Amino acid sequence: MSFLTYLINGLSLGSIYAIIALGYTMVYGIAKMLNFAHGDIIMIGSYIIFSAVTTSGLPPFAGLLIAILGCTVLGVVTERVAYRPLRQASSKLAVLITAIGVSYLLQNVALLVFGADAKSFTSLIPWKGISLAGGALQIKGITIVTIVVSLIILFCLQTFIHKTKNGQAMLAVAEDKGAATLMGIDVNKTIAITFAIGSSLAAIAGALLCSAYPTITPYIGAMPGIKAFVAAVFGGIGSIPGAMIGGIVLGIVEILSRTYISSQLADAIVFGILIIVLLVKPTGLLGKQIQEKV
Amino acid sequence: MALLDIDHLSISFGGLQAVLDFNVEIEKGELYGLIGPNGAGKTTVFNLLTGVYQPDEGIIRLDGVDITGHSTEAINHDGIARTFQNIRLFKALSVIDNVKAGLHERFPYPTIAGILKLPSYRKAEQEMDEEAMKLLEVFGLAPERDTLAANLPYGAQRKLEIARAMATNPKLLLLDEPAAGMNPNETGELMDTIRFIRDEFDMTVLLIEHDMKLVSGICDRLTVLNFGRILAEGETKAVLNDPEVIKAYLGD
Amino acid sequence: MKNSFLQKNKDELLTYGLLLIFWIVMEVMRRGGMLTSHFSSMLVPMTYYAIGAVALNLCVGILGELSIGHAGFMCIGAFSSAIFSLLFKETMPTAPRFFLAFLVGIAFSALFGFLIGIPVLRLKGDYLAIVTLAFGEIIKNILTAIYLGVDSKGVHIALNMTNFKIETDGIKLINGAQGVSGTPRNSSFTIGMIVLFLALFVTTNLIKSRDGRAIMSIRDNRIAAESIGINVTRYKMLAFTISAAIAGAAGVLFSHNVTTMTNISNYFGYNASIMLLVYVVLGGIGNIRGSVIAAMILYLLPEMMRGLNRYRMLIYAIVLILMMLFNWAPAMVDWRKKTFGALFKTVTKSNEKEVA
């Protein structure tokens, strides 16, 4: 039974990774950039909820809304100010390094405003959860909520992308920016929308992450950010179902290896599996294979 | 014995038969043209010849040696060098370094000799410089030796690509649309250069070209491809007057 | 003859000359007591970060493959050489021991560079980058988790403290998360500068040789490089291995400077790899001299701003973003060309080398 508990915990952590990875994979697929600051948006979102709910006593739902709004604005503004001017730069590395600069900036702003000490976060989900098999299997409320939320997000995103005009525009821009422009698609607007969606997902991920692991520091975003990036690559970057699968597999592997192998080597195992997957399928599980034309 | 002997070469991608039953024999010193409408499979033949694709069927012999299935790199060592339809130069390297990259296999010295600048490094580099300058002079690129390849005008880039291919000392040179994007003057010069290479280096050349002036001006014989199949082959003049060929080019 | 020698080697001579002047000035100031002890303590780290940046530029700028795991190779160099020095601390005089420690560190990091290169270099672009990050993290994680020691009964390796049964007469080489301690402090500014000169010498000479040309031709156009008979795998491996080896040398300086390596995540995690990448990009991708200058300035910058205390990293972040926008945004590049004309021509040219 304890195995099942760990499996469910892994599924829950994986769902959070998946939500972050969805943002990563959309931004990568459409803007073709690795947004190293994505994890820090999660951190900022968590601090906003912390200030709204724990400090100011607003209801959790209101706090979440403010955080989503705040992160969306933050994501769109950073894209406009820091990334867009570099989109046509002669090296792809330029925007990568700028994203690193943005990451440092967000961390240090948080450090100045909230200090380096860990803040304890009050879970947004007061529900104790359910107890199955006569108490042998305990599932926490946050665990269930996380899994359900991630499924809803996946469903909404798929619908948005395949059923709306803006979603179709995203697919077109991801495929070929030049051709999309010729088709009358506003590439700048489409990329801005992508950042808005990615950042609002980061805010939700922040709320869930801090409800499950209730401490916040200016650096909490970095590691989940990297893991989610790994999940996105694992699933095939640019692929939405891939990010979902990648996130969940990663979460489960991490929790199980932490429990049964070694807590210190858990990350090494996660990264090891990524390497193996990429060697077998160089563009990830669901990634498209692109052959260079000679 | 022919220098290049291709027998029953075929390849398909998915359901598309890109090249079917391609045969050709090219004699040493010949200037041979491969023509046909866009999408006829000409570049695919080049990619098969240079190991970029492996054929489903057929045999490629160079100088009597079966080279079918060899890698791109090995095929260059076997004696085939090529240029590309969409120019592929080493853009951040100078003109002379592009040619010296082509000389790479012919003037070897150990890595450590390069790092420590040993005499073997100096000697080999000097020989490479001389050899590269000889080639650059043939193509009129000597004054541009230190220019970055990316900064060359279009026509000069095409010439540099040929010089780089020549640097590997091939038996057979494959040129993929060498005159594309050139003005009539430049094309004229290019024709002279190709003839000069053939005479001076005793080179065999197989070229893909759309410019009929160049084709009729320098090719000894032609093969016409249409939808991956051979439509006509033979002496240049006869082939270009073939009603079937004219129909394929002009449409029905 | 002499003139043509100067002409041919203008670039390297300028690099060596600048570095030599810097060295002399620092040495004079240090001996004259003009440097604070804090500043003096930063001289050695400055040399090993400069070496690390040279190593990474060989991989990113010359080979054209983005690595975000190079701190991992520094980590291997640091640990292997520290273990060697601990083992022979009592039995060998300092000079030959430190020399051998360098060889050990370089050999191990080159070996790992080679082994990791085999799978990594089959991948392309960002996928390659993420796998280098993964390897860097794995190296760091394993070295944090492992216990290693020798005693009269032989070698002990364990993954947790309870299984680590070492006799009291033994030497604890790696003590789990507490890392390695007791490495002799052999690194000095002089040795750091010598190693930096050697790293520059190896890198620039390699670039100017036949092998360097082959490596750069693969960077510029892999398919064309294959078509002229260049063994792509061989030269990618060569560049990656040499790059790892040089990073390993930086690691040797590191471990013999800090003497106690605990909490290695801060020094060898992906953050450290990214810091090296920042040096490389700001110094100019493919510009070896630029890497050295950028590493030195950017390492000193936040340290010199210690007076600003809480705001220094914030300022650093803003400066980094602004510098990137100024250097790379096409709109800014055009504006600079218009405004400064010929003055900036050479700068933009070297910046335009693209890494695919």
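By letter and in written order, the chains are A, B and C; residue numbering begins at 1 in each of them.
In this text, contacts are C-beta pairs under 8 Å (C-beta built on N, C-alpha and C of every residue); 3 or more make two chains touch, one makes a residue touch a chain.
As the structure is a computational prediction, the values presented were derived from the model and not from experiment.
Visitor: Per-chain C-alpha centres versus the global one: which chain is nearest?
Guide: C
Visitor: Look at all chain centres (mean of CA atoms) and spot the one farthest from the centre of subunit C.
Guide: When every chain centre is compared against subunit C, the largest gap points to B.
Visitor: What is the distance in Å between the mean C-alpha positions of subunit A and subunit B?
Guide: 49
Visitor: What whole-number Å value describes the gap between the mean CA coordinates of subunit A and subunit C?
Guide: 31
Visitor: Give, as an integer number of Å, the spacing between the C-alpha centres of subunit C and subunit B.
Guide: Taking the average C-alpha coordinate of subunit B and of subunit C, the gap between them is 42 Å.
Visitor: Give the residues of subunit B touching no fewer than two other chains, as numbers and ranges.
Guide: Residues 52, 84 of subunit B each touch two or more of the other chains.
Visitor: Name the residues of subunit C that each touch 2 or more other chains.
Guide: Counting only residues that touch two or more other chains, subunit C contributes 223, 353-354.
Visitor: Counting only residues that touch at least 2 other chains, which ones in subunit A make the list?
Guide: Counting only residues that touch two or more other chains, subunit A contributes 294.
Visitor: Please output the residues of subunit C touching subunit A within their complex, sorted ascending.
Guide: Residues 60, 66, 119, 122-124, 126-127, 129-131, 133-135, 137-138, 141-142, 144-145, 159-160, 177, 223, 270-271, 274, 277-278, 281-282, 285, 310-311, 313-314, 316-318, 320-321, 324-325, 327-332, 351-355.
Visitor: Can you list the subunit B residues touching subunit A in their complex?
Guide: 43, 47, 52, 84
Visitor: Along subunit A, where are the residues that touch subunit C in the complex?
Guide: 28, 34, 36, 82, 85-86, 88-94, 96-98, 100-102, 104-105, 107-109, 111-112, 222, 226, 229-230, 233, 237, 262, 264-265, 267-268, 271-272, 274-275, 278-279, 282-284, 292, 294
Visitor: Quick one: which bits of subunit A touch subunit B in the complex? Just the residue numbers, please.
Guide: Those residues of subunit A that touch subunit B are 294.
Visitor: Can you tell me which positions in subunit B touch subunit C when the two form their complex?
Guide: Those residues of subunit B that touch subunit C are 50, 52, 71-73, 76-77, 81-82, 84, 88-93, 97-98, 100-102, 104-105, 107-109, 111, 113-117, 121, 124-125, 128, 164-165, 167-168.
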